[in-house]
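The structure follows.
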Amino acid sequence: MSSRADLPILELSEVGFGYDRNASFISSLSCSILNGQFIGLLGANGSGKSTILKLASGILKPSTGQVTLWGKSLHQYRQKDRAKLISYLPQFLDMHIPFTVRELVSMGLYPYDILPDMTAEEAMELVGLRRKADIPIAQLSGGERRRAFIAMTLLQGSGLVLLDEPLVNLDIKFQLEIYRLLKELQKQKNISILMALHDMNFAMQFEAVMLIKQGSILGAGTPEEVLTKDTIRDAFDVDVTVRKQDSGEMIISYTRNTGERLQD
Amino acid sequence: MPSVKITLLIVVSLGIFFVSLFLGPTLISPFSPDPIEKEILFSIRMPRVIIAFLIGIALGTSGAVLQGILRNPLADPYVLGISSGAAFTAALSLLSGFYILGKFTLPLSAFAGACTASIMVGIFGWKRGNLLPERLLLAGIGLGFLFYSAMMLLVSISTSEGMRRTVLWIFGDLSMADWSVIPYGLVFIASGLGISLLRAKALNALILGDEMAHSLGFSVQKERLLLFISVALMTGASVSLGGTIGFIGLIIPHMVRFFVGANSRYVIPVSALCGGGFLSISDLIGKTLLSPMEIPAGIITALIGSPYFLYLLRRRDVFQG
Amino acid sequence: MISFLLFSVFLTTLSLCSPSPLLAAPPERIISLAPNVTEILFAIGLGDRLTGVTQFCDYPEEAKKKPKVGGMSNPSLEAVISLKPDIVILTTDGNPKEFEERLRSLKIRTSIFRARRLQELPAGIRELGAELRVQDKADALAKKIEDALTRVSFHQKRFPDRKKILFVIWPEPLIIAGRGTVIDDVIALFGQENVAAQAKTSYPKYSVEEVLRQSPDIIFIGKGHTEIREMSEGFLNKISLAPAVKKGKVFFLSDNLYRMGPRILMGIEEMAACLQ
């Protein structure tokens, strides 16, 4: 770990936000992402994972409170400068775009006027799409499309990467590959990653997770600390058992759903 | 796309320009024109070819840009109601006999209509500090119908011969081409084209979606507004130069994507050149085929363009998805 | 697309067939669906019985005060019926055939004015007079027209050299009077050459450079009392090398020649004055 390890890159302080002017969805949320952290963001559908990522990326503006990037308010950055520091990959991507893999991946260089360390070829190599460079995105499989977008985000080369459910629609093999890839990059280039996901067993591999419910944080820390029987019931409304395997890995198994939420 | 292709395209366009000058209802020899032929060359054919190129450039570019900012492959410069707005005010000036600005009356009233319609579409398409593609499209369709029916109302209650003139104008007509309107058309179309070329990267990013464009460091609101303004300028100017000419804005960008891919940095300039060249060839055919009668260029563009487009459609998958 | 349909209806020329005139009472309430018919009806003394006209019927002055039933291509069926006509007169130029059929199916008597060429006008007027039981007056008007036409043909030698003539209906886009039109007939009557004679349709959209190449000696521009005079400036500038423009032989005519009725004689005189 570098000496800047515990410097906060991005800080949300007492952030409030509502999609509707009258009702606030998030009220007074505070958290920070430290340099080099790889955090998994967990929560039920509609708990506010995407909203938090959009607030962190600057797509949404908080109605109260502040988002700061390297100590300076996020909205004071010039757009291009901000894009060099944060990149964001939304959950819902338009897969009917007309571009080829190479064209898409190369767009990761748009914030730069000079060529950065990585080239589009290297980025495609990283996600295993180099051979498909000139094939239109629309002709790829779901997993390949996702990987192409991730290659673009990687090429953007920012120190903080926000990923909204990047593993959805991927085979377990690619889920693991992409996770390992991100993890390697995080170590090598000391980038920080905040990634929304909903597979709790997958989240067990993370060093840090954050559990969200209705726009506020239920817990943050190592998976073992955060993902307990009680917090999971609170966040997801399901009963689970959390067991430690002989190998030391944690396994969460779902027993039954408790509430009436699914019935109405 | 290698620069060889672009160079080739520029050479071909220049070739079309000169062919359109010397070919026509009758062939004019470039080497020994008599006084009448000289007059035909400089005061009739040349402004007409230039205007055909300008309109084609404007429509090809606008189509490419609009299909991007509206994220809709069916968008064309007329879907935003800009041409209907222009047609309405043009009809108003033709039918009322309002003629105080001389030969500039028609182009200027059409341009005023195009601007009014663009601003109205912009206002209706605006929500939460952003121009939203779906809203823009729907507002354009709604306002387009409104202006169109207002114009048809004028035509149907009118007793003046301006009516037939209006109808011909709506079809698109290049025979009124005149040197005097070229400079002002050039200014608007060149600035629109300039904006589009400079913002080609932003257009690519917008095609990925607003959130991706934001992540790549573009101000989504600003970029879409700028591109929308460039389309409004180009479409308005082209409608005021030659009425509404169909097909080019919708189909040329798709054809271009077949050959150069979807990257807007190539699609925009190539659509501009192809649009210009295609319209001047169409006009050349239109005035030569049944000479001395003339067929409006807009009819020819669709008559030759559509079968070719359908052929391409069968051969390859245009929309890729 | 809608405009295209409207346009084709507007241009459609239809040959209609009329029922044979029966021995009915002379019609008291007449509706005219064409400006030239209106003018003929006034000329043969039926102005008082004219109950309805189109919005294009602007001559003579009294015609403007008559109730309107709509345009030529789109007259209102309801307006026609509500005026309770004894007979409705249509033309083959400009009125839709379907409208006539519709009227007949509603048991409204119709009559069709068929004359489209100059030489057919007297016969057309006589036929109309017979239908409306005013044979004498119709015959007189027809005779007057026949005499005038013969006189002009006879005086053809007054214009010995055959000149090339262009008759502009609308300057921008250029629409001119071609073959098979009354205007073409009048030009032929004077023994002159219509430069647009080789165009295949009656009112073609014409090539400007072709005009310049054919170098017309005289240019007539129709309906010159309206804004057409100013609108023609651009067109005349472009063909400034044509002999007609160089020698100032560009004449703005009234709409007399546009109406296949009594005023055609005034139109002929107007043109004759310019040719001298």
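By letter and in written order, the chains are A, B and C; residue numbering begins at 1 in each of them.
Here, a residue touches a chain if its C-beta (ideal position, glycine included) is under 8 Å from a C-beta of that chain, and two chains touch if they have at least 3 such contacts.
Computed from a predicted structure; not experimentally measured.
Chemist: What's the minimum number of touch steps needed to get from chain A to chain C?
Modeler: Minimal hop count between chain A and chain C: 2.
Chemist: Out of B-C and A-B, which chain pair has the most contact pairs?
Modeler: B-C
Chemist: Taking each chain's centre as the average of its Cα atoms, which is closest to the average over all protein Cα atoms shown?
Modeler: So the chain sitting closest to the middle is B.
Chemist: Among the chains, which has its CA centre at the largest distance from chain A's?
Modeler: C
Chemist: Averaging only over C-alpha atoms, locate the centres of chain A and chain C and give their separation in whole Å.
Modeler: Chain centroid spacing, chain A to chain C, equals 78 Å.
Chemist: Where the CA atoms of chain B average out and where those of chain C average out, how many Å apart are those spots?
Modeler: 38
Chemist: Find the geometric centre of each of chain A and chain B from their Cα atoms only, then give the gap between the two centres in Å, rounded to an integer.
Modeler: Averaging C-alpha atoms per chain gives centres 43 Å apart.
Chemist: Using the touch definition from the top, which residues of chain C touch two or more other chains?
Modeler: Correct list: empty.
Chemist: Where on chain C does chain B make contact in their complex?
Modeler: 2-4, 6-7, 10, 55-56, 58, 71, 74, 169-170, 172-175, 196, 198-201, 204-210, 212-213, 215, 223, 226-227, 230-231, 233-234, 237-238, 240-241
Chemist: Residues of chain B touching chain A in their complex?
Modeler: Per the touch definition, chain B meets chain A at residues 71, 201, 204-205, 207-212, 214-219, 257, 261-263, 319-321.
Chemist: Tell me, which parts of chain A touch chain B in their complex?
Modeler: 54, 57-59, 79-84, 86-90, 93-100, 103-104, 107-108, 110-111, 136, 138-139, 153, 156
Chemist: What part of chain B is in contact with chain C in the complex they form?
Modeler: Residues of chain B touching chain C: 24-26, 35-36, 39-40, 43-45, 97, 99, 102-103, 148, 152, 155-156, 159-161, 163-165, 167-171, 173, 175-176, 178, 180, 287, 290-296.
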